[in-house]
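Beneath this line is the structure, given in structure tokens, with notes to follow.
Each chain gets a letter, A, B, C and D, in the order it is written, and its residues are counted from 1.
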Amino acid sequence: MVEATGLFSKLWLVPALPLAGALFNCLLGRQVSNFVVSIVACGSIGLAAALSLLLFNSFLKLPVEQRHIELCMYNWIPSGDFSAPIDLLLDPLSMVMITMVSGVSFLIHVYSVGYMSRDESFARYFFYLNLFVFFMLLLVLAGNFLVLYIGWEGVGTCSYLLISFLYHKQSAARAGLKAFVVTRFGDFFFVLGIMLVFVQFKSIYFGEVFPRAHEVLTPVMATWVALLIFGGAVGKSAQVPLHTWLPDAMEAPTPVSALIHAATMVTAGVYLVARCYPIFQLSPTAMSTVAVIGLLTAVISATIALVNNDIKRILAYSTVSQLGHMFIGLGVGAPAAAIFHLLTHAFAKALLFLGAGAVIHALHEEMDIRRMGALKGHIPATFWTFLVGALAMAGIPGLAGFFSKDAILEASFTNGGVLLWLIMVVTAGFTAFYCFRLFFNAFLGEKRWDPHVEEVHHPAPVMTIPLMLLAVLAAVGGYMGVPHALGGADRISSFLAPVFPPAHHTDGVSSSRLLGIVLMAVSSLSALGGISLAYFFYVMPGNREIPERLRQTFSGVYDALSNGWYFDKVYQVVFVDRFMGAANFFWQAVDTSVLDMTVRGLAGLILGGGEIVPRLQTGLVRWYALFMVAGAVVIMGYLYIF
Amino acid sequence: MEITFPAVNIDSTVPQLIVALFAILALLVEVFSRSSRMVFATCLVGLHIALLRSLMQWGRGIPYESSLLAVDGYTTFFNVLFILIAMITLAISLSYVENTRVDGGKYYPLVLFATLGMMLLVSSMDLLMMFLSLELLSISMYMLVGSQRDKWVSTEAAIKYILTGAFASGFLLFGIALVYGATGTISFSKMESILGGLTGGVPPMLQIGIALMMVGLGFKIAMVPFHMWAPDVYEGAPTPITGLLSTGSKIAVVALILRLFSNPFIQVSSQWVGILWVLAVLSMTLGNVAALLQKNVKRMLAYSSIAHVGYLLVAFITLSTRGMEAILLYSAFYAVMGLAAFGCIASLTRAGGSTTAGEGERLKAEDYTSLGYTQPVQAAILSICLLSLAGIPLTAGFIGKLYLFGAAVNAGFVGLAVIAVLNSAVSLYYYLGLMLRMYALPGRFAPAEEPVGSLFGKLVLLVLGVTIIALGIYPTPLIGAVKGAVTALSAL
Amino acid sequence: MLAADQYLMVGVVLFGIGVIGFLTRRNVVVLLMCIELMINGAGLAFVSFCRQTGSLEGQVFVLFAMVIASVEIAVGLSIVLLVFRNRATLDVDEMEVLKW
Amino acid sequence: MSRGVLQYAPTCPERKAKEMDIAHWPVLSILILLPAIGAGLIFLIPWTEEFFPRVLALLVAGVNLLLSLALFRAFNPASGGMQFAERRDWIPDLGAGYSLGVDGISLFMVLITTFMVFLALLSSWGEVERRPGLFSGFILLMEAGLLGIFLSLDLLLFYVFWEIMLVPMYFLIGLWGLENRRYATIKLIIYTMGGSLLMLVAILSLYFLHHAQTGTYTFDIVQLYETSVPAYALLPMGFAFFVAFAVKSPLVPFHTWLPDAHAEAPISGAVDITGLLIKTGAYAFLRFFLPLFPDFSASYAPLVVVLALLANLYGALIATVQNDIKRLIAYSSVSHVGLIILGIFVLNLQGIEGAILMMVSIALSSGALFIIVGMLHKRSRTKDISQMGGVWRDMPLMGGFFMFFTLASVGIPGLCNFVGEFLIFLGAFRVNVIYGVAASFVVVLTAAYLLWMFWRVMFGPAPERARTWYDLSFMETVTLTLPAILVVLIGVYPKILLDRIEPSASALLVRAEKKLALNQNGSGLAQKEMLKKQTVIVMSQSPERSEGEAKQ
């Protein structure tokens, strides 16, 4: 481990700048004009992005063995043998992450300036957004588990705040609550994981835990630790069975969905697992669990996306399924590929969301793809950029998504087996289909707009320019990891290699070039198939009723899909209702009845005595005398007996 | 056979004599100058002289053996206490007597006679002396209770008191007779030696005798089940006299019981400790429970004083030095609290003695609503008394209870102590309840009301209130005195 | 002649009559008389004990007891007068304003 | 650093110079007396204008706050012993002394008390319509009593303050309470008085027990710590103490007085004070129960822990379905208190430090929440959540504060509650995994009920009458900003507290362990276990210590 020197000692500025921006907008945002607010917000993030690029630059200059820089700010929680300092860790993984996070969030900030321009709580929005970026950067820069947890909870909180940003909408409030509580459920396991790590290692530093993992942990313990941490990841990255919050989270303003629920926060789970990879490695059980969960998620959400009609929800489900792909990548031992996919997906999906935002914006908050169409002519910039994004997402050769996805596919073929690979190929086809179903419905075909839309809003340049930049990234982003199969150097995985112990994982070095190429061809074909099917259904005239007929014939399946496989309903019945029932029971029956009644009863008894006892006091002298005599007799009797 | 008249050391009994003298003097003053203020002055002067005289004996009790009177530290302690009680009673009576048209000329001397009775009772060393002084005390109390001649409740209280009282003293007398018969003597000291030498079982005659004496004495201290008279008489009697009843006469009898039961009868304590245990519990519980919902404040305090007798008994049955100290301490405290409390009620009386609210005496609890804002002084003092009676810390009552329960715990009567503390928890309800009522925030249109009570009376009350707090914070001096008195008692 | 304890018996009986009378009769004056009976019963007991123990204290006691009794009766009667003036009744059961 | 023994007078010569400024005058007595005197003045002087007594009260509270800050500055963090100790005889006949002292545990109780009292007076400034002067008098009285509890080193003195607290509390609820106040006051008395009077008996028996063993009568806890309680007396005595403290804390099932007390006390200030009042229970567990009855704590710790866990989850569960916002927060503090007690009775360093931090944090976060509810009540005249909703539209500033403190209570890292919570979880977890799991699960419930409450109050469509609910005034903003700053400070830099708490906490544990070792011959399997745990803790002090011993 290397002490931070030179430029690296300024590392803390990367998260600090967004924080500063956030504080400014929090304290003064209501006083200053929107312009100042946006300058401060975007400026702070921009500086952070620039700084991280500089860091990247000088980081690449370092020799590989020195690419592990820690910067300890101060000791946060010292208690006996436990101590959790605030320390930042810069290694290839976090380097890549901060660059991506700061860059993407800068673009989205700029976009938001245009998108939110008419919102009255402009400052509040940018306060939340900057705060989110701060926590996200802290998360990826964390040097120990607890700091990571700060960022982890922080981004969750900001996501909650931003989802329920439109506070007057009950649905938004509900979605925010749901998002927070569901992810908190995952965090519960994460906390346990952290404590278990401490109990095992007597330390929570990444620098001390991971190197010693293989000697400290017994296989069983390793499984426990890994699974607990993975629990956190499942919650945050919306994996089955905790995926239900993400689609609802689309209540948030679209840029927020782009930033938090596509590019950055939801990928934190992937980052976490990648970060803890040395522990996961020790437990095949954990690895296969990760893979299986990922696969389930990928398939389920992809299928749901096939039939959904809400433009943002389609993208949300697609996000979930892509995250599933990343977890598969991790599960089959290709963490670098997973991170690679994380990056490309971030670009592409951010692009798609922003494009969707532009569409929604254009059609006056219209979200249903059935009431769109023929936008090509109206908002060309959006059209072209969206096309790039869709292609990249579908994994058309040459674009970013292609390389990363195929890296994972290849790894899963070699380590996971043919069946896994097949399912993923089919899923890739689904992906291509729903992406272009969305695309065609929105931009091509005839107008199906809502009558009240007489003319479309044209996005301001602050909105289109980020789109274009992202489009470029989505297009060329893949070339950081051209596989060896295609004669590339796969720089990304070699760059990340020091983070992931060179155990038995085989991304990059595939068994043979031929096999690699074959696999790519097949997956590309399935993608093209999906696209052409979508084209056949939604663009070629006269075929629009085919999907209708399909829907009638397979109505059962359709309902299942359109209801998201009934997850929400089941949860409502099984958990929420039960919980409320129990709570009511304990309150009514136990607290106010049993416990309270005992007290009331006691008081009543005593006060009742207060009513009765004085009644002996009849006011009659002879009665009193009688009492005295009785008393005398009793006493004499007592003395006589004892 | 010849009668030997015991030599009486005049010097040692001067305080008592002074009190007697001035009582008579006061009567004469009343005859010649018809002003009750003169009588009042005479009595007060007399009491002051007596106080000085007995303070001169303070500490050094004259150690001398008489079959009639013992004059020792114990007596002196109580003499001082009783004289103080008498003074306070007079002080709080002054405005009350004038407001309620009581015949002060008879009233003040009677208070002195009662005091004399108490003093003699404490120092009496044989059953005869005891009986006589007890009767002196009781009879003057009978008359005092009835002294508010134009109020029926006062008269009814008097008749009830005298009927039940005389009935009780009948029991007492017969008990004395039986004890005398069983032991053949009426002198405590002889009796002690005889009972000490008692071989074999206790003769039934003695048992019955003790039982009957317990009836008689229990009546005077209003111990359950001989308490029935107390609430009625307390309610009917003129308020300062209620104070005297609940403090002076009760404490005097308690002091006597201490002397009698912890010296001669200690020999047969196995006989009566058990029953006293039961009676203590009964007194505490019944007193507190009955006080809970009382609408009449005087009556409420009457029940609470029954409960306090229970507390005293708790310490008494430990029969330990610690217990004795606790009892003396607590009776001193209780004297201050009780007098102050009834003093406040008395000083809230308006001229023209009808008993409806606002006009005349404040008796019903409703009359006390928001009193803290209309009559701040009395309300404040009364609250201090209530807190002290409830045994809230930093008041005398807490220290007293601490000693009482401490004695019980020390002697192993933990169960009894637990019952006692639970009782005082219950008692909080009515003490604090009254207090809460007194400070209930007045409504927007609370009727204005000018303060009542003479300045002199308020000053006295103020002194009492301060004393309660002072003793609660720094009781050490009093504790020293108490220890001296108890050593004197056990030295016999 | 009679043995001492027979006097005692008479005393006890007197006392008992007094008690029962007090409990059963309603006229205030009669109640006072009953008390007188009780006290005299006690006195008789005293005297008889003197005979047994041969000491004189008992006798002295009796004399004092008589005096006390008469004083009590005197005070009692004065209060009874007061009652009668107020309420024109001697029935003890009608004196129950103070209760509970 | 010196541990185990309590030494009066601050150690560490190199800090002497710094301490000279206040160390040589009885700062603790002044802390207690000042508010008492202030209250006395307010009660005794017949004020014509309600304004003056309130200003006086505010002044006194402010001075006290500054004084306690000076105390904090002069406090020697390195020593685990009692500092600024004062000892005089009070009732020599009983051996009761007037002895005060402050250590790392009580220091922060004192600070939070003075702070919250000041805040309570600020917040109730515009809120009390009737007799505000009298009100602030009672608040000052409470402050005196609270500080007395936290500072007294003499069992009798402690009991005196403990009892006396009830009176102002009773009046605050009884005089200014809402329609149901009578019932609330009765409950308050039945519970707290019943409990603490039983404790009085236990105190007395301990006192005589100590005399029987050593021949000296004393209430000085430092000496009473040495008393070894025989087995037959252990259960009843320990139980009496336990009940008294558990009622104050309040621990389920002795908690039902709290929701009423909170709900019926209309003035947020009063409620804050209640919030402080219930800290005395937990504090007493630390200061008196643990060192006095370590063997009781050891043998019954599992039971207590289970009870605490129960309280923790039960409170959260019931808070979920409350419609009265005050009751909701009251139940949430029942849940938090369960956590605190858990931290205390897992009997290790993290647990205890966490518990202390938690006490401070709850006082801040819940206190602020109560203040906000009070402000809301002042405008909306209702505590019924269903009457509210959409408040954010008209009161965005208050909404922001409300959100902030809600998140603090939810336990977001970076805000105060998280640190305490996490340490408690950790302490529980390393004693027994099940404890840790059960305790940690509350984070989900807390989030659920608090954010749901927030949703129902602040989000959604606003009622029409809400138009009249003006946003925070300047005074109110200040009132809320002060705790907000502390919440962040403690959340971000808890080291300030932990450094000072640690020596005292470990001294506490070491003492308990020592006494336990003495009573070991009295045997009892649980005690042996406990001893093992203790050694774990004490070993865990030394940094050079190989892992593995903490493997459960």
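Methods note: contacts are C-beta pairs under 8 Å (C-beta built on N, C-alpha and C of every residue); 3 or more make two chains touch, one makes a residue touch a chain.
All values reported here derive from a predicted model rather than from experimental measurement.
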item: Chain closest to the middle, measuring from C-alpha centroids that were averaged per chain; value: D
item: Between A-C and B-D, the pair with more C-beta contacts; value: B-D
item: Interchain centroid distance [CA atoms averaged], chain B/chain D, Å; value: 44
item: Inter-chain centre distance, chain A versus chain C - centres from mean C-alpha coordinates, in Å; value: 99
item: Interchain centroid distance [CA atoms averaged], chain A/chain B, Å; value: 80
item: Between chain D and chain A, distance of the C-alpha-averaged centres to the nearest whole Å; value: 38
item: Junction residues of chain C, two or more chains touched; value: 19, 22, 31, 92, 95, 97-99
item: Where chain A touches two or more other chains at once, by residue number; value: 614, 617, 619, 621, 625
item: Residue numbers of chain B (touch at least two other chains); value: 159-160, 163, 167, 171, 231-232, 429
item: Every chain pair meeting the contact rule; value: A-B, A-C, A-D, B-C, B-D
item: Residue ranges of chain A in contact with chain B within the complex; value: 606-607, 609-611, 613-614, 616-617, 619, 621, 623-625, 627-628, 630-632, 634-636, 638-640, 642
item: Touching residues on chain B, where the partner in the complex is chain C; value: 1, 3, 126-128, 131-132, 135, 139, 142-143, 146, 149, 152-153, 155-160, 162-163, 166-167, 169-171, 173-174, 176-178, 180-181, 184-186, 231-233, 235-236
item: Contact footprint of chain A on chain D as seen in their complex; value: 186-187, 190-191, 253, 255-257, 314, 317-318, 320-322, 348-350, 353-354, 390, 392-393, 396, 403, 407, 412-414, 418-419, 422-423, 425-426, 429-430, 436-437, 440-441, 443-444, 447-448, 451-452, 455, 458-462, 492-495, 498-499, 502, 506, 537, 540-541, 543, 545, 547, 550-552
item: Chain D to chain B touching residues, read off their complex; value: 43, 46, 90-94, 130-131, 134, 156, 159-161, 163-164, 166-167, 170-171, 174-176, 185-186, 189-190, 193-194, 197-198, 200-201, 204-205, 207-208
item: Chain B partner contacts - residues on chain C that touch it in the complex; value: 8, 11, 15, 18-19, 22, 28, 31-32, 35, 38-39, 41-43, 45-46, 48-49, 52-58, 60-61, 64-65, 68, 71-72, 75-76, 79-80, 82-83, 86-87, 92, 95, 97-99
